[in-house]
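First up is the structure itself, then whatever we jot down about it.
As written, the chain order gives the labels A, B, C, D, E and F, with residue 1 at the start of each chain.
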Amino acid sequence: MKPISEKSAPPEVKAVFDDIKATRNIKSVNNFWKYLANEPRMLRHTWDSLKSIMGPGELDPKTKELVYLAVSITNNCEYCMASHGAAARAKGATDAQINELYAVVGLANMTNRLANAYQVPVDPQFRQKD
Amino acid sequence: MKPISEKSAPPEVKAVFDDIKATRNIKSVNNFWKYLANEPRMLRHTWDSLKSIMGPGELDPKTKELVYLAVSITNNCEYCMASHGAAARAKGATDAQINELYAVVGLANMTNRLANAYQVPVDPQFRQKD
Amino acid sequence: MKPISEKSAPPEVKAVFDDIKATRNIKSVNNFWKYLANEPRMLRHTWDSLKSIMGPGELDPKTKELVYLAVSITNNCEYCMASHGAAARAKGATDAQINELYAVVGLANMTNRLANAYQVPVDPQFRQKD
Amino acid sequence: MKPISEKSAPPEVKAVFDDIKATRNIKSVNNFWKYLANEPRMLRHTWDSLKSIMGPGELDPKTKELVYLAVSITNNCEYCMASHGAAARAKGATDAQINELYAVVGLANMTNRLANAYQVPVDPQFRQKD
Amino acid sequence: MKPISEKSAPPEVKAVFDDIKATRNIKSVNNFWKYLANEPRMLRHTWDSLKSIMGPGELDPKTKELVYLAVSITNNCEYCMASHGAAARAKGATDAQINELYAVVGLANMTNRLANAYQVPVDPQFRQKD
Amino acid sequence: MKPISEKSAPPEVKAVFDDIKATRNIKSVNNFWKYLANEPRMLRHTWDSLKSIMGPGELDPKTKELVYLAVSITNNCEYCMASHGAAARAKGATDAQINELYAVVGLANMTNRLANAYQVPVDPQFRQKD
C-alpha cells in the first residue's frame, strides 16, 4: 500500500489529518497516518482512540508514552519504537530514563518466561479481594 | 519442578531469600522465588538485577511497575500480571490508572500490527541526530 | 545459509521444486523454497503440508491466504507478509479487502490484550455443548 | 478488576451496552464488555471500532471472524478463541472449516519462523509496483 | 472440538494412531493427536514431519526435545511445555539440566528485547562469508 | 542511543568490557555490549548472568547456544540470530545441525498453535508426580 498524501486525501481523511495537526500543533502528519488513511474508517477510529486515551487522563503523558514504548519493544515494531521513543523524549523522558526502561523491559521479558517455565501458581496475596 | 521452601533452602538460596525479605520488608518470599530457587545461580542473578533496576534509579518505582505490567500483559503471563499488578498498586497506582494502562497496552498492540502491516517507513524526524 | 539453486539441487530437492512449479504453474520457485532446500526433509514436509492444506478443501483459497497473512502480520514476518499478500491478491483479494483485513488484525491484537489484562472469564454460551 | 453489571452501569456505559444489544439483537452483553466498562472511554472506542470494521464492509462477516480467530490462536488468548470461534460458527463456519483454519494457522506459524531463521530475502515479484 | 478416540477413529486416522504407537512403543496416543484427528490431513502431515525431524538426524534426540521445550516456554504453550518436558526427561534430561535450560530461555528472551530496543547493528564477523 | 566505544567507556563499563574480552579471549567486544553500556548497571547484570549460565554447567555449551538460537528465531531478533548462530558454530554446530534446528523450531511453533487452538488438556502422564 502507498501513503495517502495530505493533498490527495479525500474529505473524511483530510478531516482526521487536520485534527491530528491541530491537536499536536504540528505542520504535517507522520507516515503512520498517511498509510492508515488507506482504510479511512480505521484511520478515524485509531486517531479517536489515541487522542482520547493518550490525552489527559489518569496517568501522565510521559508515563503513557513509556508504556507504549515498552510494548513496542516487546513486539519488535521498529516504526513504533522510533515514533514512541521520540514522543517519550518530547514529553520529558531523558536518555537515562529510556535506558532504564530498556532494562525493565528486558527483565520483564525474562521473568515472564521463567514464571511460565516453572508454572508458578499465583500467591493468594496477589489475588484481589471481593 | 517443585518450590524450594524457606526451611529446606540451601545456604546460597537462603541468603537470597533473606535479602529479598529484608529489602522488601516482608515476612516470606513469593512463589516465584521459591520455584526459581531450583536454579540457585539464576535465582541470584535475577534477584540482583531486579533489586538494582527496580530500586532507586531514573524512573520512579511506580512507573517501572507499570512498564513491567504492560510487558506482562503483552506476553500473557498470568503470574506476572498478578504480581506486578499488586506491586503497582502497592506503589500507588489507582484502579483508574490501571484501567487506563490496559487501554494504552491494547492500543499499542493494535498500532504495532498496523505499522507492521503497512510496512510504514520511519519518519526522518524520529531518527536521532548524531 | 545460502539458497539452493534449481540447477544445483540434488534429486530429492529437484523433485519438490518440480512439483511446486507444476502445481502452481510457475517457471521458478520462490526464495523461500530455495533456502528451505538446505534441509531436504523439511522442504518435502513443508511443501506436502502446504500443497494439501492450502489446496482444495473446506475454506476457499482466498480465505486461507487472508488467514495466512493475518498470522504473518501478527508475527511480523516481513517475507511472509510479502508472499502471502501477493498470493491473496492473486486469488482475488482487492486492495480494499486487504486494508480491511489490516484493521481486523489490529483490532484482534488489541482486544486479545484487553481480554488478557482483565482476565475475562469465558461466557457459558461460548463453551461448546457435549 | 470486577465486571460492571448492566444494572449498575453509569449512563455512558449503559449507552454502549444498549447499542451492543440492539446491534447484535441479544439480551445481555458478554463478559468482555462488562470488564472493559471499567474504562468507559475505551469501552466506547473499542465498540465503535468493532461495530464499524466487523460490520458490513469489504470482506464478508464470516471471513472477518475467521481472521480474528486466527490472530487469537496465534496470541493464545483463550477468551478470544472462545468468543470468536462461537461468532465464526454463528456466521456459518462449519466444524470442518474451523479444523482447516487451525491447520492453516499452524502452518503459518511454522513457515513464519522458517522464513525468519533463513532470513529469506523477498522475491522481486512480491514487491508491489509503483 | 472433541478428541477422536482410538475406537471411533476412521481408517486414515487409525493408520496414523497405529504408526504413532508402533514408532514410540506406547499403548495409547496422547491427547494432542486425538484432537488433531479432527483434521485428518493435518494429523498425517504433522505426524510425518515430527516422526522424520524428531527421529534420527543431525542433532541428538535430547537436544531436539530441549529446543522444542525452549520454544514452547517462549510461546507460553502449557500443553507443549508439559509434553516436551516429559519427552526431554524420557530422553535423559536431568532436573538440573531443565533448570539451566529455563535460565537460558529467560536470558534469551531478555537479550532479544535489549537488542531490539537498542537496534544493535549486526557485527561484520557474525555475517556468513560467501 | 549510540554505542559506547571501548576508549570512551567509564571505569565500571571498562571493567565489564575487559572481563568479556578476557573470558572469551577476544580483542574487542561485540556491538551488543557497546550499546548496552548506555545502562552500566544492566550491562553488569547481563554479563554476569550470561557468563555464569552460558559457562560450564549442566548442559554442554553447544546445546545452550542452540537453545538461545531457537528462542531468538521464535522472537525474530535478527541481531540475536546472527550472534548466537555464530556462537553455535564456534562451539561445534554444523550446517546440517543448524538446518535441523530450524526445522524443529518451525515444527514447535506450529504444534504450539495447534495445541492452543484445540485447547488440548494435559495428559496425566505428563504431570510430574509428587
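Note that contacts are C-beta pairs under 8 Å (C-beta built on N, C-alpha and C of every residue); 3 or more make two chains touch, one makes a residue touch a chain.
Only a predicted model underlies this, so the values are computations on that prediction, with no experimental measurement involved.
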Checklist entry - Which is it for copies chain A and chain C: same residues on both faces, with over half shared, or different residues? => result different
Checklist entry - Relative to chain E, which chain has the most distant C-alpha mean position? => result A
Checklist outcome for this item: Taking each chain's centre as the mean of its CA atoms, chain B sits from chain F at a distance in Å of 20
Checklist entry - When the centre of a chain is set as the mean of its C-alpha atoms, what distance in Å lies between chain D and chain E? => result 28
Checklist entry - Where the CA atoms of chain A average out and where those of chain E average out, how many Å apart are those spots? => result 34
Checklist outcome for this item: Shared-interface residues of chain A (touching two or more other chains) are 1, 38, 41-42, 46, 49, 53, 57, 74-78, 99-100, 102-103, 105-107, 109-112, 114, 116, 118
Checklist entry - What topology does the chain contact graph adopt: line, ring, star, complete, or other? => result complete
Item to check | Contact set on chain D toward chain F in their complex | outcome: 73-74, 76, 78, 81, 102-103, 105-107, 109-114, 116-119
Checklist entry - In the complex of these two chains, what residues of chain C are touching chain E? => result 1-2, 41-42, 45-46, 48-49, 52-53, 57, 128, 130
Next on the checklist: Could you list, by residue number, the parts of chain A that touch chain F in their complex?
Outcome noted: 76, 95, 98-100, 102-103, 106
Next on the checklist: For a test of understanding, state which residues of chain C touch chain F in their complex under the given definition.
Outcome noted: 1, 38-39, 41-42, 46, 75-77
Item to check | Residues of chain E defined as touching chain F within the complex | outcome: 1, 30-32, 35-36, 38, 42, 46, 49-50, 53-54, 57-59, 63-64, 66-68, 70-72, 74-75, 77-80, 82-86, 94, 96-97, 99-101, 103-105, 107-112, 114-116, 118, 120-123, 125-127
